[in-house]
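Let me give you the structure first, and then I'll get to my questions.
Letters are used for the chains, namely A, B and C, taken in the order the chains are written, and counting of residues starts over at 1 for each.
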Amino acid sequence: MAAAAAASAGGSRASLDELAAVCGAAVVGDGARRISRVRTLDAADAADLSFLTSGSYLEAARRSRAGALLVGPAHRGEFGDRDLLVADDPYLALASILGWLHPLARPAAGVHPTAVVGERCEIAASATVGPYCVLGDDVEVGERVWLESHVDVGSRCVIGEDAWLHPQVVLYPGTVLGQSVEVHSGVVLGADGFGFASEGARPVKLPQVGRVRLGDRVEIGANSAIDRATLEDTVVGEDTKIDNLVQVGHNVQIGAGSILCGQAGIAGSARLGRGVVLAGQSGVGGHLEVGDGVRVGAAAAVLGSVAAGETVCGVPAIPMSRWRRSAAVYARLDELRKRVGALQREVDRLVSGSGDEAATGERSD
Amino acid sequence: MAAAAAASAGGSRASLDELAAVCGAAVVGDGARRISRVRTLDAADAADLSFLTSGSYLEAARRSRAGALLVGPAHRGEFGDRDLLVADDPYLALASILGWLHPLARPAAGVHPTAVVGERCEIAASATVGPYCVLGDDVEVGERVWLESHVDVGSRCVIGEDAWLHPQVVLYPGTVLGQSVEVHSGVVLGADGFGFASEGARPVKLPQVGRVRLGDRVEIGANSAIDRATLEDTVVGEDTKIDNLVQVGHNVQIGAGSILCGQAGIAGSARLGRGVVLAGQSGVGGHLEVGDGVRVGAAAAVLGSVAAGETVCGVPAIPMSRWRRSAAVYARLDELRKRVGALQREVDRLVSGSGDEAATGERSD
Amino acid sequence: MAAAAAASAGGSRASLDELAAVCGAAVVGDGARRISRVRTLDAADAADLSFLTSGSYLEAARRSRAGALLVGPAHRGEFGDRDLLVADDPYLALASILGWLHPLARPAAGVHPTAVVGERCEIAASATVGPYCVLGDDVEVGERVWLESHVDVGSRCVIGEDAWLHPQVVLYPGTVLGQSVEVHSGVVLGADGFGFASEGARPVKLPQVGRVRLGDRVEIGANSAIDRATLEDTVVGEDTKIDNLVQVGHNVQIGAGSILCGQAGIAGSARLGRGVVLAGQSGVGGHLEVGDGVRVGAAAAVLGSVAAGETVCGVPAIPMSRWRRSAAVYARLDELRKRVGALQREVDRLVSGSGDEAATGERSD
């Protein structure tokens, strides 16, 4: 939605009634109030709409000078006679409002004269191929696809309808993108997987002849990398969202609707279920199974398979509730060690104090 | 080998006898059997060769519908009358077979008309310089080098024979690549090292005037970065393989035949020996020595030098056998704390129960 | 300073007196001695200057064959009659000397004929726009700015005076750079922040319509990524230095003079004070506050706010002094567990040995 930021500067205007219709909210107060833009609670002024999506910001919302607030039903009564938009899920409503206020400014369709296009490519008439893009042979580009500048598309790639590739994306040959995929700058899809045999001390590369395949509505953040499979497909399921600087190894399978946060990494041949969440800087080891709905904590390293629905943290990752207790003890582990030392001394004293008796007792057996 | 994937689609065909000759394997069964391609155990069909490189997939191999299997001598007798290729190291044999089935489809030699080439460059006649490459002055490009599109090569760089740089690689000025080096898209070699003096609270940059030098057959994965040295060379030894999103700081020295997995990081001036393995997301601190053959576990942080041959894990990294035991205790650390608490109560009871006696005993001294 | 490496090869020459003047050092010995270049202690020869910035290299400095040494006052008396430059802060002096010996070789001003420039751009006459750069509409480029090749600058970006963008940098629309900013290759500034609402199991993108704003003299290392804010600005304060492969999430605020080492990551909406140091591979969780001068250890994960001046380590991060003690116990945690087991057995023996007495005692109450 970056290109849409233009609208932000321009100050698009709408009434609360219009915004309510866009996001399915109810208006409390003056539906004719004009909104120039959406801002944070602190930054908002009388002409702005702001929002409360979490109770922890309630005080900031009360202090905010925003002309109107988008809130959930639970907070409807907290703001006196201020103008409100009340939505069941204010965060989802906010997404709708922002999308409507900032429509994507698409460039005109067509292939820029500086683009280098290989043989037998099929580029839809409604697609845009930007300056200095380089396409190999036999590439298919769907309707309304937008390739910004300096995008490299290898031979035999297939790019589904409405996909948007930002500047300097690289697709290695054979990569397949679903519909409405968005790929941010610096992303590399389809580079060789990291697989080596050994000839004595010398690593010998295993040729990587598979592909990368992304489902519909997948989004990939800046400078992330997804390797081609050795033989078949590395697969990212539909609606899965991947943040920046994420590494996905060869042969990995990621289910639909998963969320991979910044700098997460997945080693080769791991399989993630649907709706998995990897927090920032977490990792999953090779050849593991991570079940549906698993959540992996920040900086955690999954070194064994995880059953569906679990939340795990730590290195190696263990169930979060246990990890929390362990981490609490760890923070004062030296005290535990000292307590054990003190106990030892007490017991030694007891043993030597009661020693004769105990010895006597034993002898008396 | 990405460009070779074309062959995969085409269905190159060979007999088991031919494949056996390629990889030095023995044929068990029908050497005339035709193979259309190599596939995984699950995906393979009667026209395909599959393979068993680890005993843990034995059951999957038995179930596979592959027309023939590549196996090691230990598994020769496990498959009844199925056609087999038997190789001492089936993984190495697989590398040979894939390389033979998927020969690299090199483009024609020559400098693309859109390439911008500086002064006094020496580009071998057999080299390929792709669309929109930009070369500085005094660059040397060896025989059969392939620079794909959008490669930036700074002044005074030297690229050895048979090197292959994928789209959007950047070499800062003075970078030196050995023969048969492969560099994947998005890699940056020779950016400034991260060194700062302080002038009060203000960091002052230490100019970085050294270089990056890669040995023969080094491979660098997508979006990795290796910084130039402050004064001399940051060096990666021959046959070392580096995965995606790996960070190598300035002045680092990496020995031959090392393996750096995805998102590993090496801070400035560290020295790694030969055959070192850094697992995914592991790190090595600055100015440390890591001996030959050291293996560093996933997500481990090496914060002190490590002697040759050791395997270390954890943060800070400790010997793996100890780390495993510690991690097992950590996973139930709260129980240990509770046991200590219970012990304390028992001892307190003992002390108070035997207190009079002990006191008496003391008094009796 | 990479482009300056040319001078290094050429062997710029200066006298010790000249170098002393450059960096404010005192000469001890022969001020007329000619220096061809600065090298490390091990590599330096009679024609070279080397340096001692830390006492731990004192022995190496004594062994060095360098013609002259740059040292601090504390080491002035350690080198007999060798020629010395003595500076209060030899590391800062080294920065000055290297900058003077390796002046930046700027290209001629002007816009390369292959650059694609949008409408209404204001490009200063002294700026350089290199081959195949692509600028959107309404871009402002300040005096003496250098955009190397393949730089993408989105619409409405503002680039302050003397900024230097290396090849293949991407600025998304609306990004604002202060003066003397340096951005290394592969950096992506302003890609969409990672924010999603949920519609059932399906993540729904929250449009990101804010910007990225970098203060004066900020430097960003290769392949790092800084996301645009959801609504306002993601801000990096002046003089802050960011290493390679660092991830900065949307809405993050980073104070002046901070240092973010390689592969560090900051999740969305975190706020860092001035002079914060994040060591390599460390991370800061979302919405946290990290006070002025906080130092975060390598591979640490900050999962709660940290008060100004603290040094923290570990996952989750705790004060370093405590972490060190905890880590020491952790390294032998199995021994602690065994000691507790042995204690338990001793106590069990004591309880059963003194059991009757204790029981008697209790009964006697």
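What to note about this one:
Note that in this section a contact is a pair of C-beta atoms (placed from the backbone, for glycine too) under 8 Å apart; a residue touches a chain by one contact, two chains touch by 3 or more.
On a predicted model such as this, the values are computed, not experimentally measured, just so you know.
Here subunit B and subunit C face each other with different sets of residues for the most part; under half of the interface numbers are shared between them.
Overlaying subunit A on subunit B by C-alpha atoms takes a rotation of 120 degrees, rounded in steps of 5. Between the Cα centres of subunit B and subunit C there is a gap of 25 Å. Within subunit B, the positions touching two or more other chains are listed as 132, 150, 168, 186, 223, 245, 263, 281, 299, 314-315, 330, 333, 336, 340, 343, 347, 350, 354, 357. Note for the complex: subunit C touches subunit B at residues 1-9, 38-40, 43, 89, 91-92, 94-95, 98-99, 101-102, 114, 130-132, 148-150, 166-168, 184-186, 219, 221-223, 239, 241, 243-245, 256-257, 259, 261-263, 274-275, 280-281, 298-299, 314-315, 327, 330-334, 336-337, 340, 343-344, 347, 350-351, 354, 357-358, 361-362.
Taken together, the subunit C residues at the contact with subunit A in this complex read 116, 132, 134, 150, 152, 154-156, 168, 170, 172-174, 186, 188, 190-192, 194, 196-199, 201-211, 223-225, 227-228, 231-232, 245, 247, 249, 263, 265, 267, 281, 283, 285, 299, 301, 303, 314-316, 318, 322, 325-326, 328-330, 333, 336, 339-340, 343, 346-347, 349-350, 353-354.
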